[in-house]
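Pasting a structure below so you can have a look.
Each chain gets a letter, A, B, C, D, E and F, in the order it is written, and its residues are counted from 1.
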């Protein structure tokens, strides 16, 4: 199913940050969001994931299709790596975490408490969570933070495999992932402040 | 003053992770630490910064010379950007934050609450903290996480300026910063476990 | 040869292994003898009736409850000063024994109080300071359990033990000041008649000796267990390291 | 759903978890009362049911503090909100887990602490019954408070402030049952009211909690 | 040093900060007492000094919770530990800031709440004096507990468990002063003892707190 | 069995409760000790075999 975003405007802290965005994300495709710090990528992704309502415009085909990976990983430091994954798998009504563990080279760490992982290992675990959700649309906010070169490649492989199975991915990142993906520069969509006299329901 | 590390072994969670490290960091020089995730870079930096004791070996020339920037930034979300910087400046007995604000392009954000910054803006603020410490040795753990290309360049410039003034920098990172610096691969220093029967105070 | 050699875990295990059987047997024998003697072969007290028999459990356990904390204080100091792991682990091993002793003293005291004072519990200074001691034990054990890194846990719990001891003594005085109580002082009501007191004191001494030995046996055994548990932790970590 | 419940219980039991700590707090509050109001046993017996109820309420309140906050901080709540589970069941399960790890132990410990405060014999039964009926309401109401204040730094005390007035009816009827029980009076009316409050809170409040949580996640 | 104090005060006053919340909690505990023990004024008057002291203690305890935890979570503590300030002064200043934002308001509010609980007239003066002498000790002891449990997830309740027995002497002497004052008896001895405990804690405990903090930062 | 008089319940329950607690402490201690010892030994042999 295709994720379609039409004429979307998003706001953060009550202030519009991006406007007039439209794109479609077909199965098997990945879309990379780029743009300078603070332009509104995180805000956009949260809106697409349904965590906050759009100012205007529509997001279609997202309902119950999306797995979202944010800046923070949602890991419980006192649960082991395997327990963390099993939990997320069963929340999404699935089981079998072996594939996820293999995909991010976590087998050796499976019985380690998540709190005792290094920054990059935590991130790998956070990413492997996507594999156990079984959701077709991955939305990821700077997934490769703290990862070394090998792990970045591992991640790119995981995304490619996901695309190969008909999934799709929407990724905000500052680095080059080596994926064959469309790129959307969000810079040009920066919201222009409205006329100063136009003091309507939005108080702007 | 030169920072000298001799035959250092460091442990995390009671387990040795790196051993036999020696290096010297002269004024005006930068040293980049590289190594895969989980090898022990963070542990090493914390030891050099004096936050944890070394297993064996010495760190010399660190006392009161070091400014440390960790994975997390130590920012107070309810204080503004300027207030955060002023606080750290006065903790280190200095004043004047303008240079730091300029160095990381934060003037426009100076009265914004730190909690209302994007990931990259927060990081920029965290890095600008180094400029207000007035300390000669910068120790930084993956400083460029979440930064876009322009900000990475901005950071590299700041480090170069610091080196130019006789400062030095010890940086763990996975990306290429474009600095003229020595590189230390820590991988080969991975600690080898002791004999299994040698069951002493360390329980290993 | 200095006693610090036993601070080596391996040496400690080897040595305790040898004395364990003797400890178990002698403590079991002493406690059984003391309790049987006390229960079957002592007269009733003229005022307290047969309840006086509770003394053979109450006093030794109360004694051990306090002494266990004292032992933890000493071993904590040893850890802080000399950093012998076995010492820290011995403190950890002793704490649950101390709690059980405290609970036994509290329970037998409460059961005894019902006929003697007409109430299960009164805010008598001795009882109250025992309750405070119980709380200190709980906090101490909870802190050990809550921390993953064994060295950190050892450091923090030993400082807690030191500071806690000071405050426990302070509380004792505070509680004394706050309420003058009902509880027996050091002089038993039975002491008025020498011959009766003797009849109770001999089995009581046997029981106390038995409890002391049982305590030592338990602490040695449990310290061994803690040493092994720590080694397991270290070995598993190492296995991961190699992987 | 069961996965979430199990995870929450597991987290509570793990090192540093909250299990038993609510209990410890209850114990300690009860113990501190004689220190502060004095050791006279007749006075203590009179205030015992009230003190025990207040202690249980405070213990519940404290352990609520991080009921949702931890999940918020590490991002789990964002992820749970995009999961197939409706937020209403998420908050209900969280409340249930809270009750199992806090309320239930409190109920079981209350008689022992009653002894410390010289609670009259006939009072024990009603103390336990009233706590058994009342603590679920405390958990559910508390979850609502936690949902309201999640995401605020230092939300803990603000939450106390918001939740306390909501706790008033439960506390009044609950301690009334315990007090009347201890004095050998009829307990029926307050008991029914207490049960009513619990039932209504359990049935309705999760919707409110889910709604405020959605707002907070935005 | 002053910068740190000012920052902590500023943080407490900012939105979501802790200022006034300790106070609110104190207020609410005091208000809840009549609900739970019943409204008889002679009973309330008898327990008033004790309840006020206990309420103050609980309010202190709760606001301690995140005294160091927030600085730990966002990494400030690591950075402070590498700063020129010795850790001993850092913890002392944190305790001072805690006292200014929590203890001091409690002292000032206590007389008002005394009215609610029918505290006898002659009791007000000694209530205030005893709180003024005792709350600094509560802050310092609490800082030690906070330093012990910093870095533990859900450390809050464990901290209560650890801190409560340490509070016992202060509570006993403090409430004894207030109680004797209310009953018109001589207060000198407990007052001196209270002052002694405060002075000793303030002088010595920061070293213990700094030591445990260093261990925790490792 | 000695005649405990009217305090039989008191004395017996005190002895009963204490002995139960003591025995439970010993049993728990030994069970855990055995378990840990076994775990350590298997772990040691396994690790020695693997090098």
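One rule holds in what follows: a residue touches a chain if its C-beta (ideal position, glycine included) is under 8 Å from a C-beta of that chain, and two chains touch if they have at least 3 such contacts.
Please read these numbers as outputs of a predicted model, since none were measured by experiment.
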Of all other chains, the one whose Cα centre sits farthest from chain A: C
Chain located farthest away, centre of chain D as origin (C-alpha): B
Pair of chains with maximal C-beta contact number: D-E
Approximate Å spacing (C-alpha centroids) for the pair chain B, chain D: 44
Centre distance in Å when chain C and chain D are each reduced to the mean of their C-alpha atoms: 34
Distance from the mean Cα position of chain E to that of chain C, given in whole angstrom: 32
Centroid distance [mean C-alpha coordinates] between chain F and chain E, Å: 42
For chain E, residues that touch 2 or more chains besides their own: 16-17, 73, 152-153, 155, 158, 161, 164-165, 168, 172, 218
Residue numbers of chain F (touch at least two other chains): 44, 47
Touching two or more other chains - residue numbers and ranges from chain A: 71, 77-78, 115-116
Touch list for chain B against partner chain E, complex: 46, 49-53, 64, 66-68, 70-76, 78-79, 83, 86-88, 90-93, 129, 133
Chain F residues within the chain C interface of the complex: 1-8, 10-11, 13-15, 17-18, 21-22, 24-26, 29-30, 32-33, 36-37, 39-40, 43-44, 47
Chain B contact footprint on chain C (complex, rising order): 7-10, 84-85, 148-151, 227, 230-231, 233-235, 237-238, 241-242
Chain E partner contacts - residues on chain D that touch it in the complex: 16-18, 21-22, 24-25, 28-29, 31-33, 35-38, 43, 46-47, 49-51, 53-54, 57-58, 62-63, 65-66, 70, 73, 152-158, 160-161, 164-165, 167-168, 171-172, 175, 179
Footprint of chain D on chain C - complex, ascending: 110, 119-123, 128, 131-132, 135, 138-139, 142, 145-148, 178-179
